[in-house]
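Think of it as A, B, C and D in the order they're written, each chain with its own count starting at 1.
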Amino acid sequence: MQLGMIGLGRMGADMVRRLSQGGQQCVVFDVQPAAVQRLQQEGIDGASTLEDLVARLQKPRAVWLMVPAAVVDSTLDKLVPLLEPGDIVIDGGNSHYHDDIRRGNELAGKQLHYVDVGTSGGVAGRERGYCLMIGGETDIVKHLEPVFAALAPGVAAAPRTADRQQDGSTAERGFLHCGPQGAGHFVKMVHNGIEYGMMAAYAEGLNILRHANAGKQSREIDAETSPLRDPQFYQYDLNLGDIAELWRRGSVISSWLLDLIAGTLSRDGELKDYAGRVSDSGEGRWTIDAAIDEGVPVPVLSAALFARFSSRGEADFANRVLSAMRKDFGGHAEKPGSATA
Amino acid sequence: MQLGMIGLGRMGADMVRRLSQGGQQCVVFDVQPAAVQRLQQEGIDGASTLEDLVARLQKPRAVWLMVPAAVVDSTLDKLVPLLEPGDIVIDGGNSHYHDDIRRGNELAGKQLHYVDVGTSGGVAGRERGYCLMIGGETDIVKHLEPVFAALAPGVAAAPRTADRQQDGSTAERGFLHCGPQGAGHFVKMVHNGIEYGMMAAYAEGLNILRHANAGKQSREIDAETSPLRDPQFYQYDLNLGDIAELWRRGSVISSWLLDLIAGTLSRDGELKDYAGRVSDSGEGRWTIDAAIDEGVPVPVLSAALFARFSSRGEADFANRVLSAMRKDFGGHAEKPGSATA
Amino acid sequence: MQLGMIGLGRMGADMVRRLSQGGQQCVVFDVQPAAVQRLQQEGIDGASTLEDLVARLQKPRAVWLMVPAAVVDSTLDKLVPLLEPGDIVIDGGNSHYHDDIRRGNELAGKQLHYVDVGTSGGVAGRERGYCLMIGGETDIVKHLEPVFAALAPGVAAAPRTADRQQDGSTAERGFLHCGPQGAGHFVKMVHNGIEYGMMAAYAEGLNILRHANAGKQSREIDAETSPLRDPQFYQYDLNLGDIAELWRRGSVISSWLLDLIAGTLSRDGELKDYAGRVSDSGEGRWTIDAAIDEGVPVPVLSAALFARFSSRGEADFANRVLSAMRKDFGGHAEKPGSATA
Amino acid sequence: MQLGMIGLGRMGADMVRRLSQGGQQCVVFDVQPAAVQRLQQEGIDGASTLEDLVARLQKPRAVWLMVPAAVVDSTLDKLVPLLEPGDIVIDGGNSHYHDDIRRGNELAGKQLHYVDVGTSGGVAGRERGYCLMIGGETDIVKHLEPVFAALAPGVAAAPRTADRQQDGSTAERGFLHCGPQGAGHFVKMVHNGIEYGMMAAYAEGLNILRHANAGKQSREIDAETSPLRDPQFYQYDLNLGDIAELWRRGSVISSWLLDLIAGTLSRDGELKDYAGRVSDSGEGRWTIDAAIDEGVPVPVLSAALFARFSSRGEADFANRVLSAMRKDFGGHAEKPGSATA
């Protein structure tokens, strides 16, 4: 089927390429003309303006937004007046699902349909396919199935689950209508929350392995430094790249994230290219917010989020409070810092 | 090569089968004669006593122990006097690496060699192969390589890591000499610590999804119950089996653990067969102990461990303290419990 | 000065009593006539309706709401039409500070003034005085100072802080204008977040002390139960009531919360009156929400909140996921539960 | 009674002064002669060598060690040969209770008595008195009661607990025989674990208050930075010194730690004297180790410990792993750091 794509950044452009390879017809637009031209050179139909894009699409139109979450609303402000009853808008970016619910209601008032799609896959998605979590009206989602099927990895991307009841769900094909508006981004949000937790599990474990030679280092002996009681147990110099590679085969913790970090550690076991200031783009925060609203305990997912905050220095004042208290009650002077890790 | 296997429980028996299929010659023993007989019926060489086992092995003998960690020492007490200088003992179970170091020293005094092998793979290992993390003397580990290679999954079990330097490491084949005695179980211990964290990440995320319809339920309105401020945001009835299946293809959080839970949720989305009392078999605890000794922060891995403790009621007294304090300062009576989840 | 009080529950009634003893004139109202009559019998001026209350107050009127957060808005719906420009409404309950900001704006449109007061002190407040965290317009807060001073504990309630600059702040008297509307409940919210963390610190510590005899108990020996490696280190039967009492004098962790729990443990070291289902009334949740918005790591405060959720069974499904995974990869059957703690 | 004191650092010297004021006779020794001379100038009996100290003490001798935990054993190596059956050694420092149990057994073989005393109070102890947690043989502890009573704060240091049964416990006087050898340091260890949790609760809460003006700052708008959805809710510039002072009177979270931090924040609201590298001296670690052995969940106490580790850069490698993974799957470049907090 035909699809208009707005937003040709890394994700949007690759999705257009995968759609075209999958036999879907795309018309594309971006505020940066160069981004449109790049795809035009690959044989994709490009539009020069939003009006141009809308004019080139058959009715009912289907327009996919793949723009930063912060500009979805301003893009809709320009796009919606150009559309006609029955047209469909799809937000495939990282919107907060609260915004989906609001937008869905607003567009419904204009007889437009709104579909939210949480998209996972990252830079590997063009080859691997994208995992699509979809929210919206049932018949509209059904109507868009050719698009979703072309973007998704397909059944063959993983071994079939034994005994799985073949009940018509598209889950095995890599896309799923999760529920009404917002459900797609809700499920994607939690997906990213899980991702934070998994990443932290690997990161903490690898950090323990890296310090398995702690007994070889001398520690200062003073009242401010906890001594290592049994240094003989920490004499291992471990090869993290080899260990991560090892775990990829046959172990309980094999995963795609492990595949990635094994490759990186194999090339640079010290990760010298990184300073360790870890960003978070929002979904991890929203996941904790949702858990709190629901009254669901998330000690692991929240600890993973807060470790990222701390990596960026956001605990600094709290730490100064702790040092001040130690000085106040115990007379402990703060030890001057030395580069660690 | 030839290997003696002591301990024919679920793991030990399957490992013998895989070794035999891989062309290795096994002589087996278990304190339960029936376990020996089962393998004899499959054509494996069985021994009736430890003495018999030792007698049937060529020198230098290699004897693999696959017994509960709690009986390794008592088994060694009987086995070691039967061995001769140059013989090799391998502990493939879940020993604490401190015990490996002690045993290695003890056996060295008798001119025996000790190798510790952390074995991951679980019930699927017979088919998938076992991921082997190995500690011990370099030449001894090298000598045992045919055994390790037969047990491990082999290179083909996962896509090759791009740009990986071919430096002679066996990591890609699914087994690795990690370091001196104890290194194998140390790496396996941390592996299990990571496993706890990953499992908790999935479990917490799925719990959030399951309660995504919290807004449909009425909450009591009283000072003891935090109200759900925006029930309209929690109206989703999500199909967890479908969602887990969906994530298996193309998503960032795909993994072998996800493969497993997707299958189980597909069959029983409520997990009615389980009460939620989660055991821990020790490695998760030892991982936190090691991190604390090293001074490495593990907020995620520890939270995962403590959630298991709490699932077994071990927080009950702490919770009673909290309720008592609330009564004392605020006059809050404890709300009677009702089945939740 | 004169104050109208709406809401004569435990907190409201005691505050009226303290105000009267402090020389302030109160006119009181409650939807329950009996609550009004109780205070009338103590010589307090009671009103039969909201209209009656408003009629009895001198202009500009000051009306203090001490009602459940869930009915503040509906109470305002009835009260506000009765007020006149220049009148003041004070919300002394547990409102979310977002609501304060909204209400402040709404009332400003009617030339009414809104003041939010976070009130700490609990059932002991009538004797000890209430700690008051205040948000609102500077001149209005100044105008109400006699009321705040009568409710607050006063300087003598604690030793003066050495070197404290006498800059006109009322902090030492037990009440403080923290900032514009919402600031009072914001500071009270964080106060309660800290309270959760402190309570959990005591509760976890006391739980460790209570299990200091773990080495005296026999543990099952199986692969599902982590053995206690050194039972000789856990042979202490400790008297928790005595220990809590001990810590009240001279220790770094003495506090008012400790005073309370020492008394309770002295009477019932087992806390048999409690089941350990710990409620949370909202402020702890909002504290974590605010921290996440700000990007501030709160691993301790969030862990305290989530432990309360878990105490009410809200982790049950997550725990079932964990047990299911353990069965899937390791063949581990869930151990039947037995009462612990 | 008469007491020998070895170790005249900050704690030891002040304890001698308090003992002398309390009518106990002290003979003191330190490896630094100047430390002995300082107390001699205050009229205290000083010894020039260990032999001299022992010679000046009446039998059965009581010798209190107040030396760094790391040198207790080497001090005992020199002291014990000078003692005679029936003499008593007291370790009042921060020893691990495992060491107490070992030393107690060793000294019992020589008919010497060993008493462990966990001492809380810090630099304020000389004036406030010291909270003493005691482990050892009942009759020996009873024999030393005059010493403990002189060091402890006494009943008057806090309001009596209502309804407390007067059962002969010395808890109200500020010292307590907690149990057999090691029990004193065990209780002190957990005391410090609680202290870590309480300190972190205040520190995290104050950090939230400090960032309550986050909405006034502009954030970068890019895919790497989570936007603040509602900046209007974070417009407060709060005075932390005033708020901490406020909470000291009438609030649920008043405590001695709060008294201290209120004073410090009053003098320097920015805590400019501190960099935020928070030391830990061991007891917090041992508390978590003990909890893990007992199977007691300690999510809050452990989070407090790990935040200290992270404050010293010990999470750096884990954070680099996270940044590397984000680059690998999402193409996210790490944002350059800028000083925050």
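The working rule: contacts are C-beta pairs under 8 Å (C-beta built on N, C-alpha and C of every residue); 3 or more make two chains touch, one makes a residue touch a chain.
What you are looking at is a predicted structure, and each value in this text was computed from that prediction instead of being measured.
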(message) When contacts are scored as defined above, which chain pair ends up with more C-beta pairs, B-C or C-D?
(response) C-D
(request) Going by C-alpha centroids, which chain is farthest from chain C? Tell me that one. (result) B
(request) Provide the C-alpha centroid distance between chain B and chain C, rounded to the nearest whole angstrom. (result) 43
(message) Can you compute the centre-to-centre distance for chain A and chain C, using the mean CA position of each chain? Integer Å is fine.
(response) 37
(request) List the centre-to-centre spacing of chain C and chain D in whole Å, with centres computed as mean CA coordinates. (result) 28
(message) Which positions in chain B are in touch with at least two other chains?
(response) 122, 200, 202, 204, 207, 211, 226, 229, 252, 256-257, 263, 285, 293, 295-299, 303, 306-307, 310, 312, 314-315, 318, 329
(request) Would you mind writing out the residues of chain C in touch with chain B in their complex? (result) 10, 68-70, 94, 96, 122-124, 199-200, 202-204, 206-207, 210-211, 221-227, 229, 256-257, 260-261, 263-264, 271, 273-282, 285, 299, 303, 307-308, 310-332, 334-337, 339-341
(request) Would you pull the chain A residues touching chain C in the complex into a rising list? (result) 252, 285, 288-289, 292-293, 295-299, 302-303, 305-307, 309-310, 312, 314-315, 318, 329
(message) Residue numbers of chain B touching chain A in their complex, please.
(response) 97-98, 101, 120-122, 125, 128-131, 133, 152-155, 157-159, 161-165, 169, 171-176, 178-180, 182-183, 186-187, 190-191, 193-198, 200-202, 204-205, 207-209, 211-212, 214, 226, 228-230, 232-239, 241-243, 245-259, 262-263, 266-267, 287, 290-291, 293-301, 303-304, 306-307
